[in-house]
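Both of the next two complexes hold subunit A, though its partner changes from subunit B to subunit C.
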Partner chain A sequence: MKVSDRTITAGQAGIILFILLFANKVLVFPSLIFEGADFEAFLIPILSSILEMGLLYLFYKLKNRFPDQTFVQILRQHFGKAVQIVFYVAFSIYFLSKAVLLYNVTFIFFRNMIYKDAQNLVFLFALLPIINHLAICGLRVLGRTAQLFFPVILSIVVFCIIVGCFGIDSAPLLFQTSAAKFFTTFFRHFAPFGDTVFLFLIIDKVKVEKGQWKILFSCAGGALFLVCLVSFIFILSYSFTSFMHPFAIFEIMSFVKEYEGLGRLDLISMILIILFTYFQLAIYLKMFMFSFDGVFEKIDQVYGVISFNVLFLIIINFLIVNLEQAVMYGQHILPFFNVLPFAVLPIFVLVMFARRKKEKKT
Partner chain B sequence: MKHFFKQIIKSPMLILFIVMTVFLGFPALGQTAEISQYAIVTALGIDKIEEGEDKFEVSFLTFIPIAQQGFAEKYKVISAKGRSVAEAMDFAGLELGREIGLSHLKLIALNQELFKEDISMFLDYLVRNKEITTSVRLIATDKSAQDFLKAAQKLDSESSIKVSDLVAYNTDYIYAADSTLESFYKSMLGPTRVGLISFLTTEKEEGVSAMADAEGQNGQSSGAGQGGGTESGAEEIKNLGETAVFKDGMLKLNLSGKDMKKINIIKGSFTTGSLNIRNYSDEEFDNCNLTFEIFKKNLKYHVVFQNGIPVVTLDLQINLKLSEVEDKDGIFRQNIEIYVLSKDVEDAIEKKIKTVMSEGIEIMRDNQIDLADFYTFINNTHKKEFEQFLDRLEERDNYLSHIVFKTNIYIIAS
Partner chain C sequence: MDVLKEIEKIKKQLHNSVDVASRVIQKNGVFVGFVYLKSMTDNLIFSQALFEPISNFEGELSFEVLSEIVKANDVEECESADFIKKILGGAVLIFLSNSEDVLSVDILHFNTRAPQEPPTSPVIMGPREGFTEDYKTNMTLLRRRFHSEELVFEELVVGKSTQTKIVISYLDGIVDKKIVKEVKKKIESIDIDGIVDSYYLIDLISNRPNSILKQIGQSEKPDIISAKMLEGRVAIIVDNSPIVLTVPFVFLEDLQNSNDYYTNYTYSTLLRFIRVAAILMSVLGQGIYIALQLFHYNILPMKYLITIADSTQQVPFTPFIEILFISLLFQILYEVSLRLPSYLGLATSVVGALILGDTGVKAGLLSPPTVIVVAIAKIAIYTVPEQSSQITLLQYVFILIGASLGLLGIVGASIYFLAYANTIENFGAPYLAPFSPFIFSDNKDGVLKVPLSSMENRPKSFKNEKRKRINESE
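And now, the complex of A and B:
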């Protein structure tokens, strides 16, 4: 079976970027950063967002220099096949690891909140077929589906934030954290960032017309701004009791529980989390397929799907135990994986630019 | 038909849907209805006991859903003992033959006997339980929590008053304190380490409509905790605004509703209340008792450091309306709507508010309880100077005694 991946527009790429940048940071991230860096934790998403935007700028530069080449071709042309394969193996591991963390956190969230007796198998039944289907159908189908759901997603996000603002009721205690604590927390919780790297893998498939870059930058900027806002609202709403409220986007909605007449509006945020989880896992799988294809060019991408599913099932089987273990994995293992998008990749791209400049001169 | 099966084989998602329906859908139809699996708990009480290894007695006011045509709520109080709250809850589930569902929990009652120890150990299970909303009301009782729930059961069953409603408006009134699980933990884990819990008292009375028989439906009281033992006769649950104040999880003092008023004026955390001036005399009034209704208030803190000591100014702008006059000469005939506060009345009100505020500050100073969270305010505005000030103190916790307070009152007649 051949997977056909046709090009996507800048708008579709922007929406996928929005979903990726927003989704995996609004559940446990705000609670964990507050635990590590007190009130000043709200600066952590801002700092991380700046780095994320830097990565997008790097993509912008690369795309302008190589508008029609695949990333495989670019790497191979400048560094040889071996480096390209190493890169793509690293990408496979990177996206698989992120998918595992995302699944763990989401599974634990739903198990804690509503499906107390639900087995992992039931969750996989509900998730895996759809994400596989989305990924196999191709990038354009994924982009269009995301486009279809985007107004719903955005409306719910804005609604959650507006409702969340009503829950702010405490004066935070400022200046309690030290620089060492702040930066340790920043590094430990850096894992949810770095998703912009997916654009490098589909560099040839994103059609950005002249003047359309602002769409990509606005979507990324908007998503990151909303992440910072959700974190800020959460910290102001719960501050010292954040340990009782690990799931930020859900918790900021729970203010409405105070006024019982309104009912459980926090369920709305669950719809958002469900949509985000489907899309994000599908995108991770899609990126794994691209990475797999970059390593094993001669075989079908469907093998990539099978490999992802097998590895995914094996790893989650070890990590699914509890939130603590998933968080430990996210805090102590995954941040090191971000060396790939934020250090190794930029270095190679900058070397590439320098070489090209030198070649032009000579 | 052949075409239909061909279509199905071509659509893997359809096959998957059929598989899921067969393996997950049909077994679900055969399961017991959730309504029969759960005992829905609306109020929970904790008592401390010493019976062998058992340390806790947890009581539940449960609503057992019964499918029938009419609308009826059947409440029952059940209790179980255990070495921990979690264990006691498991035993309660065993006793009921149902799983304990806490999603609809609205009230947690704590016997005041528990306050001899760190209260957080009794609440730990509850704050970590994701089923419980943190807006659940937290109250203290003067008798065993089990007996309290039995009184509450009667109240819930025989009148439309829910016991959780009794503390629902505590945040609005000047005489009481907000006491939800969230607000208690938020203030207790904050820099002041002070938490507040509302006190509901039970009083024996007869002939009052919102009364309950101390004997619950099940008969005997366990007698756990203070005030235990079987008591007969009608009992009324009252919210007099009394508030238990905790520091570091330990009971520091009990404040009356009147004391809470003094504190709330300093905190500015109320939306309604009244102010009384007794035996007031001027050109218009002769030895009258005047009551003013508070409409709006705007309270701001300002802090400056003078010689290394923080000087906190409380600027209170308050809108008042004369709402009651007790005149010994008869009815006060002036139209209250167009009544304008005279300078003398304003001075009297200002004096009264300043007295109330200073008494509130004294309560906080004497007990080292920063209920208005001046710590956070001063720290956020003058971090360095405040740290130096605290370092100079013999006892850092006693900072309130060394802060100078000033009050400016601006009265606006509504």
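And now, the complex of A and C:
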């Protein structure tokens, strides 16, 4: 089965980017950074966002130099097939591991908040068919569906933030955390970042017309700004006890539990989390498919979907089965994986630019 | 030519069907034979236009003379291979014993109903006439709205047994020729015994015939079809069907209603928002109600929770069985009321609403909130009646998902169906355009509606040759 991955517009790419950059940071991330860095925690998303925007800038430069080439072609042309395959294997592992982390976080959330004591099977039954369908339908369908839900997502995010502002009851006491503690926390919770790298994999499929770069940059900037804002509001709303409220956006809405006649508003944040979970997992699967395709070019793309499902099920059923293992995995293993988007990839791209510059001169 | 022999031959070919009529007269030594179908021709026209001029003619009859004296417009020479086709099409064949040529005179006539207001799309303001079963009348209804050379009708014949006439209509210079070509290609490739109604064509020309989503536009109203043709769509008129089809079709078309264009635009916008809300309530309402009852009751406001708990605790069934039962009951009543005469339809409504519903609640078999939820969901369907079959199917899917997976499943299924709808492209038009892909200019007549003067361009959701429709010369 050949999956049809037609081009997407800059707007659709921007929306996918927004979902990726915002989504996996609204649940446990704010609580965890507060636990490690107290009130200075709000600086962590700002610092991470700067790095993320740097990655987007790198993509912008690369896309301008190679507007129609695939990333496979670019890597192969400059560094050979072996490097390209190593890169794509690394990408496969990267996106699979991110999907596993996301699943674990949301599984814990849903089991605690809605489906008491439900088994993994229930969630897998609800999640896997949908994300497989989205990924198999192709990048354009994924982009269009995300575009359709975007107004809903954005409205809920803005609503949650506005409601969250009513819960702020303290001013922060800054500069209480040591630099070492701050940077350790920063590194430990760096795993949710780096998603911009997906753009490199679909570099030839993003149709960016003249003047449309601002859409991509504003989507990314907007998402990261909202991450910082949510973290900030959350930390101020639950000053000193943030670590006791693990699910940030949900807890923000829980603060205003009952509006007369409307009831608890945390249902709204719950829907937001569900939407994010579906889309983010689908995008990770899609990126895994692209990575798989980069490694096994001659094999049908549907094997990429099968491989993802098999590996995903093995990891969540046998390797990371409880909360402790999930925390260990998310804080001590996964941050190292970000070396790929934030160190290895930029180095290779910069080397590529330098070589081209040299070639042009000669 | 041996006239009698030829007539016998034709009768034999038509299996001596009772409606095959023939008559032979002798005029100045020349035998004149008429063969026609009684069921397709008018006796009065036959005698006034053909029989009288021939019998009153005093000179010597020849083929050339015959062509001139008959009082009809559609007169032509007919090849022997086309004899049967012409007779079946309502023509009278005239044979002369002194000529080898045969004359075909079209005097097709049968009773048709006059254009009336269609029961499927009544309007408060605006034109009330609707299409009929006669395709020529339908062509007239369209022609009356376009007094320009741009309107084109192309005729095709489909169906081995029915030989149904299908007319493709479009506005030349506005429509994208590729769409016309594709429509013609699809219709020409149909190999079937018969086309009884335009609904037969829907399955045969849809890109995804197995899909539950509607992919071809339908209307009984000439003003709606004209408006769609002005946007660059192709209309397909099928003989013997009052429903005219249009392609390309996008979901938005069913959200629009002809009333929207004959009333204030702000009010139309409000109505469209209500329709969207009604669709959502209708599709998701019952599923969400079950999900809240089964999985997420703790998020309901305390007052509601107490009321619902109070009214459901006596009910012996689970919410899923309860809601499924009422839904099925409604569907049965709906089917019955469709098929019963109108005076009995009222009786079934009374039985359904009062006896079954009210008594069911009083007996403790059904809970009032469930009855209300189902009633709202079922009534809301008919804000967009064109989508009623799809919405009804989706309702059952969401009831099942709500009962098994709760909100997680409902959101997931919504994503699934919308992604599925996004995979459909009919004649180059994305199904969910202009919402996804988002096309700003087309959203002027989307859920929001701006005044006609602000809708300067034709839709971009599908291709058309002329983009501007207002101030074209600028």
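In this section, the second predicted complex is superposed on the first by the 350 of 362 C-alpha atoms of A that agree within 3 Å, B and C clash if a C-alpha of one lies under 4 Å from a C-alpha of the other, contacts with A are read in each partner's own complex, and residues count from 1 in each chain.
Going forward, a residue touches a chain if its C-beta (ideal position, glycine included) is under 8 Å from a C-beta of that chain, and two chains touch if they have at least 3 such contacts.
Treat the numbers as computed from the prediction; the structure is a model and nothing was measured.
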Which superposed partner A:133 touches (first subunit B, second subunit C, both, neither): both
First (subunit B), second (subunit C), both or neither touched by A:86: neither
Contacts of A:270 with subunit B and subunit C, given as first, second, both or neither: second
Which superposed partner A:125 touches (first subunit B, second subunit C, both, neither): both
Which superposed partner A:9 touches (first subunit B, second subunit C, both, neither): second
Contact breadth on subunit A, by residue count: subunit C or subunit B: C
First, second, both or neither for A:145, with subunit B first and subunit C second: second
On subunit A, positions contacted by subunit B and by subunit C: 122, 125, 129, 133, 258
Touching residues on subunit A, where the partner in the complex is subunit B: 112-113, 122, 125, 129, 133, 170-175, 238-241, 244-245, 254, 257-258
Subunit C partner contacts - residues on subunit A that touch it in the complex: 9, 11-12, 110, 114-115, 122-123, 125-127, 129-130, 133-134, 137-138, 140-142, 144-145, 147-149, 258, 261-264, 266-267, 270-271, 274-275, 278-279
In the complex, subunit C residues that touch subunit A: 295-296, 299-302, 304, 405-409, 411-413, 415-416, 418-420, 422-423, 430, 432, 435-438
Interface residues, subunit B side, partner subunit A - complex: 12-13, 16, 20, 24, 127-128, 130, 133-135, 180, 182, 185-186, 189-191, 373, 375-377, 379-380, 383
